[in-house]
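What follows is a set of structures for review.
Both of the next two complexes hold subunit A, though its partner changes from subunit B to subunit C.
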Partner chain A sequence: MTMLTMTGPRAATHVPPSHRRAVLTFARREFRDAMSSRWFVLYTVAFTLLAVGVSFLSLSGSGSHGFAGFGRTAAGLLNLVMLVVPLMALTAGAATIAGERERGTLLYLLAQPISRTQLLLGKYAGLSLALVCSLCIGFGLSAGVLAWRAGGVGVGSYMVLVGLTAMLAIAMLSVGVLISVVSRRTSVATGLALFVWLVLVFVSDLGLMASSIVFQLRVQEIFALAAVNPLQCYKMGAIVHLNASLDVLGPVGAYASYTLGPAMPWVLSGSIVAWIVMPLLLALVLFNRRRSI
Partner chain B sequence: MIIARGVTKRYGRVVAVRNVSFELPAGQSMAFWGSNGAGKTTMIRCLLGVTRFRGIASIGSNSVKRRGRAARALVGYVPQELAFHDDVRLGSAMALFASLRRVDRASAHGSLDRVGLSGHERKRLRDLSGGMKQRLALAIAMLGDPPVIVLDEPTSNLDAAGRGEVVRTLQQLRQSGKTLVFASHRPDEIITLADTVIVLDKGIVDRVTTPRELWPTEKPVQVVRLYLSTASEAEAAQALREAGHAVHINGQGLCVAVPRDRKAEPIGVLERKSILVRNIEVLDDVRLPEGST
Partner chain C sequence: MRTAIVAMALLAATTLGQQPVSVIEQRIDRTQPGSTLAIEAGVYEGNLQIRKPVTLVAQGDVVIDGLGKGTVVDVLAEGVTLKGFTIRASGDSVTGEDAGVRVLAGRAIIEANIILDALFGIDLRESPRSTIRGNTVVGKDLEAERRGDGIRLWWSHDAVIEDNIVRNSRDMVFWYSQNLCIDRNRVSESRYGLHFMYSHDTTLRENDLEGNSVGVYLMYSNSITLVGNRMRNNRGPSGYGIGLKDCDDIAISGNALLANRVGVYIDNSPSSMDSTGIFQGNIFAYNEIGVLATPNTHDNVFTGNAFIENEEPAATHGRGELHRNAFALDGVGNYWSQYAGFDLDGDGIGDVAFEPRSLFGQMLASEPNLRLFVHSPAQRAIEFTARALPELRPRPVLVDPAPLARPPVIEVAFKGQGVVGSIPMALLAMGLLASSALVVVFLARERGLDSRIARGAT
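Up next, the complex of A and B:
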């Protein structure tokens, strides 16, 4: 070790980083960590393989070409996304703060000249970017198959599907981060995330069907309940954007088309945006208020 | 430089720290001394503003509650053990904290050089020894040359060699005019590094004193730690005090200050009282700083 040659305090250098710098620093670090995380790589590979597989099978099985082939592939991808993407985003979000807390790194990071808001927003931004990159890899390769087999039709619709999927992923990430903020241990956070995933993916669909029968719900009530679920919004939004009619969803879809008309995509996208913003805001408030480390 | 007034922290019904007040001028060194659960770590967390508490704490006229980022910009923090992602390379970890401290690459390298870690940038943190990790924590704490260094039992997980390196670095920091606040279990560290000692007992300030008053023996002094059954600690402490020894009950055994040539004497005293000594540890040879009172 060399002899220390430090001088006294130099006030000019003891300034906390700007909000932008702190958030970007954590975002970069989180993005790098996520992209090198074994779980994240596994999810990305699984999603990519499934997406490419769905595209290939949808096209080669039916022998469809052109827009018909694209529609079949998009429908296949839609179902795949609704299963895999929420799971990926929820678990990634759930591990973020709870993981730092469990490892003891949260205290160390918070002892730096940064705020809790900067830390949370930075981690959130980094994870969002990593999720979007992961989705782009899957969708990109799937698009390659589409271009090869279906002749590259429906590029615009495909991009909308990717955009909606990214929104869904970020919404689920917000929910995951909220779970992470209120959980002390990673295992608890992951368990809660899996429970939320089950509720959103399976229970809400079945629950909606069951309650419509048991409580004799009206069409507008069923639509309102569906519009609260980000996955249902994603499904309806994707169908609308793919230039299909919501009539395929039965009376509820027909009611939505008739009542909302051209505002339908905005209402559905707005619901997903609300699922991005509200859980994130709640997570920020709780993370700042509870001050647990 | 550091002011605490009526700092009180509760965890539910348990009071971890009650009404702690002190003032530490710039360039001075202060230690928190007490058994496990005495409130040392809680007090450090309150000073860093990373946990909620009642009362006032400020660093360099910045309230840690209202201007936490500005207060922490004046502080370099060294935890008990560097908690950080094990997969991260030393250089990357350094770069993250350098960015948060608005420190350029050359200064970050200089900080690593000061603790003898330059050239190890490519190593992953999991491959570092405990001593190297603690030196890295010191290098991170020195980024941006903050006037205050806060340490939470920085040598508790180190072997004698690692401890010696860290203590030497801290001595140099102290000589360079830094304000040091640290918690320690080890009398040798307190004697070597502290100007003032706050003795905490169950979260309450038992007394504010000096190392010399705690261990009023001739120099050089050697501290022996005796491990007994918990039930007999109070009785043993009483017996040793009656025999003229300076004794402190700590969460990790009884610390007895003895002249270097009388290390076995406390064992003899306890033997005569039929108190069984399970183990004995002779702590590092220490010398009271010149002019200490």
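Up next, the complex of A and C:
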């Protein structure tokens, strides 16, 4: 346990909680904070409304012919998730440490008999849970609409979609927390988070498109570059599960499914897991090293 | 494989009684031409040759086992009927074209047989006026390049091919055979479901083609009519529901083309100047591309079709547009689910022409690798840019002057189609909602949290 600079007087009667318990306590606190945060609730409501709307509109338009194709429902949900979920997770993560720091409460929290690692992990766990809950509400209501209109996506595929989305959200949260650790103020952290969102959602794809045309990249190069982006991995993973075939994605998808074969889902989710673990580790290192509060 | 066959043979020998096929051949030799022979249940091993016009009917479970060598049943006389047999284990010689049943004379009736583990299933050579009805053919478990055809016709005019099921095969293929009747067959997990080579004047009705590389591929075959067929999930590098290569006078109506990579692929059809291809009242739904055509394609007419949720309704294979084809006939166009126009006079015809312009689609035509970015926000961004900046606006790939305001009612029977059960989905919905609600309630209920943290500091 790292010894912290004690800034406040400690009560003599206090019994230090166990390590695990400390993490859990912070996780719960963070979860409750998130649930009562205006922004978080707003994102949840927006995501839910959009998800339900997409499911409803896509099914009401033409009838589904009783056929589970990769139609507008799946494509619409994917697009929605890729826009909203990273935004939600990045901003939520970015606010967490920077917000405490700006309000001065970080000092107060670090005065507790716990390590910085425990504090950060606790906050991270609480926020992850809050994000997953918020996604479950959106996907749950959307599944309700799909069940009512009887069409669209299969149950197994839908569960995989929810799981993948949760992974994506947690990965984006890791990046957000990393941003939060290095930012002194909430506004800076949020700005950085928005910038990263813009890069991941639009700039990297458009840049890769442009460079694939300008430099005439080969399919394996395009696939390797795309697989670095967790959003692309999420999309490819979702399509593999919903459609069982990557030829939706043209020559690059065909190349990927030909060379990787059954390892495909593992490679894609591996990339997302890397985006969960690496920024979080980096955030932990930086947070522990950073002496200034 | 060999041990499995031996084991099966041993098992069969102990339970059913195992005899050489010469038993059947001797019985044929003893009967008059034209008579009917009932064959008792059992396993008959070897290569059966039928040299007399007789009717062979299986009584119970009759297996003819080729033991993995050569063609299992050879029909050498005209007017033979073969009904109700299980025919298995042909050789796998591609040069020998080993088959389950090979017919070398006309007017054969091959009915209600099950053909397993055969390189070619049923091979009709110069056997006109034959009938192949209600058979099930499952190909050998070989890689795609080494498979044979499930059903093949070679110079066999006026044949009837109906109610057959073919799986795990190469093609159901028709060479130089005219005036066929091809109804209600199901081909899946094969290369080309129904493959026409230089075979003219035929109607295909209500066939089911699912999970093949191509559903129906017509090549150099004229005057073919497709009615009420279903092409589903035909994907892969080709991945066409229907492919047309140099075919004149094709009429395609009332078919369903669902979730194929490409609904209809047109390569230089019609190839003659005075011919017209008709596409009327078909459903094109959930395909990546509804209609894909080479830029030189001309004189096809699309009317009364429903284009529903195709990623691209129509595209050219390469650069260019489809302007040499008509997308309306006598003021009746097609239904396009992307159509954003309106129908103020309420006559069912949209008041604005349907002119799909997709910058991303245009980019895809010249840079196919960009398809990786389909279904992503970046794609939407590109389309939005094209709408916002008129200089970037691409030319429309097609013009439908009279788009339908509502999808036409198209009756295509879907049997055994797995509608996604709504009850599991409802359970999933409830599960997701309930678990999140539980977590929220459980964690939010704890009131002492802040006080506990606060206690630590006081």
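Heads up, the rule we're going with is that the second predicted complex is superposed on the first by the 265 of 293 C-alpha atoms of A that agree within 3 Å, B and C clash if a C-alpha of one lies under 4 Å from a C-alpha of the other, contacts with A are read in each partner's own complex, and residues count from 1 in each chain.
The rule we apply is simple: a residue touches a chain if its C-beta (ideal position, glycine included) is under 8 Å from a C-beta of that chain, and two chains touch if they have at least 3 such contacts.
The model shown is predicted, which means the values in this text are computed figures rather than measured ones.
Visitor: Is A:Tyr108 contacted by the first partner subunit B, the second partner subunit C, both or neither?
Guide: both
Visitor: Determine, under the contact definition given at the top, whether A:Ala75 touches first (subunit B), second (subunit C), both, or neither.
Guide: The second partner, subunit C, only.
Visitor: Looking at subunit A, which partner touches more of its residues: subunit C or subunit B?
Guide: Comparing touch counts on subunit A for subunit B and subunit C gives C.
Visitor: Who does A:Thr25 touch here: subunit B (first), subunit C (second), both, or neither?
Guide: both
Visitor: Can you give me the overlap between the subunit B contact set and the subunit C contact set on subunit A?
Guide: Shared contact residues on subunit A (touching subunit B in one complex, subunit C in the other): 8, 10, 14, 17, 25, 29, 32, 108, 111-113.
Visitor: Can you name the residues of subunit A that touch subunit C in the complex?
Guide: 8, 10-11, 14, 17, 25, 28-29, 31-32, 35, 58, 61-63, 65-72, 75, 78-79, 82-83, 108-109, 111-113, 129, 132-134, 136-137, 139-144, 146-148, 150-155, 158-159, 162, 201-202, 205-206, 208-209, 212-213, 217, 219, 222-223, 226, 231-232, 235, 239, 245, 247-254
Visitor: Could you list, by residue number, the parts of subunit C that touch subunit A in their complex?
Guide: Listed in rising order, the residues are 232, 235-237, 239, 256, 258-259, 261, 283, 285-286, 288, 306, 308-309, 311, 337, 363-364, 367-378, 380-382, 407, 414, 417-426, 428-433, 435-436, 439-440, 443-444, 446, 449-450, 452-453, 455-458.
Visitor: In the complex of these two chains, what residues of subunit B are touching subunit A?
Guide: My answer: residues 26, 45, 48, 50-52, 68-70, 72-75, 77, 79, 81-85, 87, 92, 96-97, 99-103, 113-116, 142, 144-147, 150, 165, 168-169, 172-173, 175-178.
Visitor: Using the touch definition up top, name the residues of subunit A that touch subunit B in the complex.
Guide: Against subunit B, subunit A makes touches at 1-10, 13-17, 21-22, 25, 29, 32-33, 36, 103-105, 107-108, 110-115, 291, 293.
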